[in-house]
Each structure stands twice: as structure tokens, then as C-alpha cells.
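So the structure is just underneath, and the comments pick up after that.
All chains are identified by letter, namely A, B and C, in their written order; residue positions are counted from 1 within each chain.
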Amino acid sequence: MSNSLKKRKAKDIIAAVFARSFLIFIIFLALLIIFGLFLKARPILSIVSLPELLFSSSWHPMKNEFGLFPFIIGTIEVTLLAMIIALPICMLTSIYLSEYAKRRFREISRFFIDILAGIPSVVYGLCGILVVVPFVEFTGELIGIQTTGYSLLAGGIVLAVMVIPFIVSISMEVLRMVPEPYRESALALGATRWETVKYVILKKARSGLIAATVLGFARAFGETMAVLMVVGNVAQVPKSVFDAAYPLPALIANNYGEVMSIPLYDAALMSAALILMLIVTIFSLTAHYALLKLGKTI
Amino acid sequence: MSRIKIKQLSISYGNHQVLKNVSLDIPDRQIIAVIGPSGCGKTTLLKSMNRLLDLNEDVAVKGEIFIDGENIYRPDIDVTALRKRVGFLPQHPYPLPMSIFDNVAFGPKIHGLDISSTPAVSGAQEETGKKEGMRRFVEHYLSLAGLWDEVKDRLHSPAAKLSIGQQQRLALARVLSIEPEIILADEPTSALDPISAKLVETQFKILKQDYTIIFVTHILRQAKRLADYIIFLYMGDLVEHATAGQFFSEPRDEKTRAYITGEIS
Amino acid sequence: MKKRKLEENIFKGLMIVSLLLVFAALAGIILVVAVKGLSSLNLSMIIETPKGGYYLGKEGGIANAIVGSLYLMAGATISAFIISLPAALALQKEYLSRRFADFTRLILDILWGTPSIVYGAFGFVIMVFLGMRASLLGGIVVLTLLIIPIMIRAMDEAIRLVPFELKEMAYALGTTRAETTLAVVLKQSLPGIFTAVILAFGRGIGDAASILFTAGYTDEIPTSLLDPVASLPLAVFFQIGTPVPEVQARAYAAALILLFIVMLINIIARLLGWRFAKNIVR
């Protein structure tokens, strides 16, 4: 083997080791986050049991009572509300852009949707305060409900607007993955566009659309700032959509500054972060396998 | 005397066996055509000869290929050096993402080839300097591929802007630039228009004085036009191999006869 | 037949309404921020730091937040790039078995989906462990971690678009993996890599939850890595809630600048991507 060749080989191997080690770092990082949060959260279980932590409604850190139930419920409700508002709009929009719109219009629309997706969450929050909160207050007055406007509903609306571009952009990609011959053969049979969508496209793309929805759900679940700014932040189980709620991410964000003064407060907040992380991980895994399945069926 | 000897070569992808126990000697300095219906293992046979198959996942190679008496599937063989000796011309040209000039200069540069000793430059370098040497080198191989006249005024524009026929001849120049002894070509004209295809074929006929050229084709007439020697594969089996004259005039195997007459394809 | 036509038209109508709603949301957000922001934006807003505390002070601007955000993102983008590029290149099949590459992509997807507040909390834990206080360095580290998965995944997508035949071409010339990667893969995927960096920057600069406890907030422009640092998203978040109109105006101005930067980035990512495409094989 010539000298220059040996040198090239050596360089190649060094480069490979170097590049791979960065990937190892990433995997290590993921484990470290989960493990670190777990270590920090564990002390909380010495004073409350796991069911108590998850299902008790009494949140009095000064008295060592750490029931996360109102926050968990708050997170689930605000996320569900957002998805109920967002999903029909997302599906209809992405079907229109993928199946009806001309290429040019689709590309221009995608550009605007990407911009909407890139808007920082504090800006969404700000617009929520300026527009959505007064709107909810006004609506509440109309139907005779006392509300400040800072409520589950306001959080749901803001969150819905935030996840719409995210879900639309994935769904559109999924729908475009359905090969053209499927459309042609349905249309050739005399089906209308909508029938083609309903009987062929949606069936073919189903697992992909589920993945898009799940990813949107995960994104909404962990969203902090925008929701925090409009949802009211009262530690209670909300009775109607006009009541204030207090989701987990908001709990962490609002209280982290003062954790040092109260014993075990940080462990309680870390367990909240761990819960968020685990749930979002489960969603990510679900979406991952749904997309794998999509790849196989198409 | 034959430099390439294939012994009991079997290749499979996962459970699917593509080549079954192929053994043959390949003659030197001729144009050899590998023919057969699609999916019969032609490209696999070709790519096995410079170990481009290694880039595929779950491919299993059994048997041996000797080039100049050396088994290229021995574990300690140096693949990069092997590929320098055995050039490869793909079906679709794919110019490298750089200028026309750099496409040709790239191979010698990475191999640290001493271009002053190449026939293209020989001796001229002392008088003219390294830069001029490389220019002559590039000119030589672009001419050899029959492309020089068309691109000499825009050597530094991106290769991606050439027509597809020009791109394929650029690919040929690039293969020649690393001074291989054997050239493998995978349906080298199938993506080209008839005129460009003709140009590539003409270059092959010129090049066979110095190189062994093995090409895959599914066009029987092209094999007839071009090849001195034919290898016929059918469903992974080596059915027959012979000189072109013998192969087409007096085929020994029933399948060969059927293939030549167009009964099977 | 009539019924089928009707169904078609109803759904088509609903789709157009949905699309209009989405566009209206975008237009509405831009309009609200522009109207509120432009009326509070002036030169002193951009070049002055707040005087007399950010909750109360009536004088001064948000220069601290603008400079702070740029510091944070310059640091985070550079360090994330240094980690992401080799990592994304290592995801090529020459370097990893498909199984391991798929597993790594799954991990990246999980990290990508992890809420930024979790990164913030995790970063805070690490900083407490190391005895660090909220600072520019802390913010840069957390933002780096936050944008790494975005960058790697986007780079990975770009790298995977390089036609396999093109790489095969280079290998057929006898190149090593590193040489093929440098000469062909990197060049071919350059626009995509550039877009990945820009998009990660855009995502990072707007994030508030991750730097809430790790970067802190201050009226000063930091002079060392260990000083706390202000940022645009937190400028919006902290100042919107005060009853003082002059302070609220700073929130609006910060939101406008933030929105402007993010939109600009989206446009640049698209337009500049094409200019790099000169040598690209399509």
C-alpha cells in the first residue's frame, strides 16, 4: 500500500470516528435528560405516593401537599380543545392544498403556512392577549357567563392557531406521497374529486394523517408561553371552558424562579417536567411507527 | 491470457439469489457485452468486478474474482486502489457537483496521481508549470472522450449545465482520467439520444486498443455492433459466453438461440 | 348525481373557508403586531437600553434584548452547527448500519418533539449542579441543545436527497468515504444544509421557555459569558403584563422586531437556497 493511500485511509477512519462520536453524544443527551429529570423528581415520592401525585387536587407546596391533578387535567383539556378546533380546519385545508389547488398556489400557500409555523410563541401569546381574551370575555357576556377572558377557551384557541400550520404542513406532505395513479384511476372511473379523496386518498394516507395529528397533539401538549399568557393560571379543575386553567408547562414556567425557598418544590416541578417529557415521547414513538407503516403501504 | 477470471461467483440480496455459480475468463483489450433479459443479474455481475456492490446493504458474495491473479474479494484487498484500476461508467451520467474541468481533475487529485508521467502531459510540465500540466491533462481526456471541442470555451462552468449526452461523455472522460485498465459500463447509452449514443459507441471502439471494456446492454443490436465477445446471462445463470461471431452465428444453447431470434426477451 | 355534486360542492366550500381562516389568522397576527409595534417603534427604542427597570421604567428601549438575542443565537447557532454537521453526515449508510441509523433518527425525533420548557428545566438542573447562575453561557448551552435535533434532522433530509448514483460515481473513482462526503455529498446538499441552519436559528430566536431560567433577564448588555442576558421573547413576555403603557410599548416593539426577524429568515431560507444551487445536479 502506498504512503499517500495509507494517509488517506487514516484520515477517513479518523473522520468516521469523529462524526460517529457526535451521534453518540446525541443519544447520550436524550438519556441524560430523562435520567436527570428522573433523579431530580424522585425525592417527591418520599412524601407523596405516585397516585397521590397524579390524582390529588390539593396543591399546597408550603404544607408539603403536591397534587398535580388540576395541572394534568388543565393540560389535557386545553390540548383537547385546541385539537377539536384545529383538526377539521387542518384536514380540510391540507386536502384542498394537496388535491384541489394548482401547484403554484400550493407552493405559495406552503410558504405562508411555513411563516405562520415559524412565528414565536410569545407573539402568539401577545395576540392572544390583545384579541382572543377580549373576544372570549365578550362572548361570555353575551351568553351570560362571568369570565375574565383568561380561560381554557382562550388557551385552546391560541393553541389551535399555533398547531394548525404544523399539522397542515405534515398532512400535506403525507397526502402528496399518495402516488398519482391512485387519483387517476379513481377519477377515470367517474368519481368526483371529493369521492376520490374520501374513498382512495384518505384510506391510503390514513396512518400518515394519524401521525400528523399525534405530532400536533404532542406539540400542543408541551407548548408553554403562549398558553401561559392567556389561560389564567388558577390551580383548579376548570368547570367550563370559560374558567381559568393551569397547565403543567405553565406551572413549571411560573414557579421555577422560587423553587429554592421551599423544600421539595423543585422535585415536584421536575416530576411535572418528567411527565411532560414521557408523554411527548410516547406520542413521538406513536407517530414514528405510524409513518413507518405509511411508508410500507404506499 | 486473460486478466479477469471469475470463479464460482454467487451473489444474493437477502433471500433473493441474483447470480448462480458463474465461472468465466474474460478476454483482454476487447469490448465485452453482457446481455440478457432485465433482472438477470447483468448489472450485479458488472458491479461485482470493482466491488461497488459493497455499497448495497445485505448483499452476500460467494466465490472469487481474480484480476491479475489477485482475488479482489480477499478481505485485505484495498478497495479504493481496485476501483482506480477498474473504472465504472454508470447508466445515468450524474456529473459531480463541480465544474467541467474539476470533474476530470478530481480523480487524479484525490489519488495524488503524478500527471507529469501520463501520456497526456509527458515531459511538458517542466516547461509549462503545474497548472498548465493539469490543463493539458484535462484536455487530453476530454478529447479522448470526444468532448473537448464542445466544451473547451466553458471549462469552468458547472457540469450540470451540459446536455445529457455531453454529461455521459464527461463521465467517460472522468473514468479515463484515473487511468484505469478496465472499464465497466452499465447500459452507457440507454439514457442518451441516438446521436450521443453513437458518439459514445465510437469512443468505445477507439478505446479498446488500450482498455478492456465490459458493458451491459439489453439491446441485442448494440451488442452485435460493438462487441467482440458476448456473455449471456439468463435468470442468474451464465448460459453461454463466446466470441461475437460464434455467439450470433452458431449459438450452442437453446436459450441463446431463442434469445437471439427474439422468442424470449 | 345531483347529490354527489352537492356533496362535492359542500366539502369544497368548507375547504376554502378553512384555508381562508388559516390565512386570516396569519394576516391578523401580522396586522395586530404591526399596528401595535409600529406605533411604539422609534430610534431610541432600538438603540437604548431601558432606564429605571424593565417593569417600571418609562424611558429607554430594548437594545438590551435585541443584542442579547443576537448574542444568544450567534453562540447557539455556531455551536449547534459544529455538532450537527458531523452528526448528520454520520447518518449516511456508509457509516452506520441501517438499524442504528433508524434508531438515532427516532431519538432525534423524540428530542425534536421535547417541549422547550423541558429543555429549560433540564438546563437549570445542570446549571445548579455545576453551581452556575443564569447567564449568557447557560442560555447558549440550552438553546444549542434545543436546536441541535432540528438542525440534524433538516440536514439529514438534505443529505439523503443526494442521489445514490452520484455517490456511487465518486466511489467508482476510488475515493474514500471522507473524500466522497467532502467533494460530493457536502457540495450537493449545501443549500439544504444552509436552510437547516437558518431554520434552526429562526426556531431558536423565538423560544422563550428554554431560556426563562437559564439566561435570566437584565437591563444591561452583557460583557461576559457569565453575565445574565436579556432576549426579545422574554422582553415581550415580561413587559406585556405591566400596567405602564410605556413598558407595554416595549413589548410590542420587541414582538414586531421578533416577528420581522423570523419572517425574514423564512424568506432568506427559501431565496438564498437557490443561489447556492449552481453546481447542483438535479
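One rule holds for everything that comes next: a contact is a pair of C-beta atoms (placed from the backbone, for glycine too) under 8 Å apart; a residue touches a chain by one contact, two chains touch by 3 or more.
Predicted, not measured: the structure shown is a model, and the values here were computed from it.
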Identity of the chain that, by mean CA position, is farthest from subunit A: B
A-B against A-C, pair bridged by the larger set of C-beta contacts: A-C
Length of the line joining the C-alpha centres of subunit B and subunit C, rounded to whole Å: 47
Inter-chain centre distance, subunit A versus subunit B - centres from mean C-alpha coordinates, in Å: 52
For subunit A paired with subunit C, centre-to-centre distance based on mean C-alpha positions, whole Å: 16
Touching two or more other chains - residue numbers and ranges from subunit A: 8-9
Where subunit B touches two or more other chains at once, by residue number: 80-81, 110-111
Numbers and ranges of subunit C residues touching at least 2 other chains: 176, 179
Subunit B residues touching subunit C - in the complex, by the definition given at the top: 50, 52, 55, 57, 79-84, 87-88, 90-92, 94-99, 106-107, 110-111, 158-160, 171, 174-175, 178
Subunit A-touching residues of subunit C, taken from the complex the two chains share: 4-5, 7-8, 11-12, 14-19, 21-23, 25-26, 28-29, 32-33, 36, 83-84, 86-87, 89-91, 95-96, 104, 106-122, 124-126, 145, 148-149, 152, 176-179, 181, 199, 202-203, 205-209, 212-213, 233-234, 236-237, 240, 251-252, 255, 258-259, 262-263, 265-266, 270
Of all residues in subunit A, those that touch subunit C in their complex: 8-9, 11-12, 15-16, 18-20, 22-23, 25-27, 29-30, 33, 36-37, 40, 88-90, 92-93, 95-97, 100, 109, 111-116, 118-127, 129-131, 161, 164-165, 168, 192-195, 215, 218-219, 221-225, 229, 249, 252-253, 256-257, 269-270, 273, 276-277, 280-281, 283-285, 287-288
Subunit A partner contacts - residues on subunit B that touch it in the complex: 78, 80-81, 110-112
Of subunit C, residues touching subunit B in the complex: 93-94, 98, 163-176, 179, 183-184, 187-188, 278-282
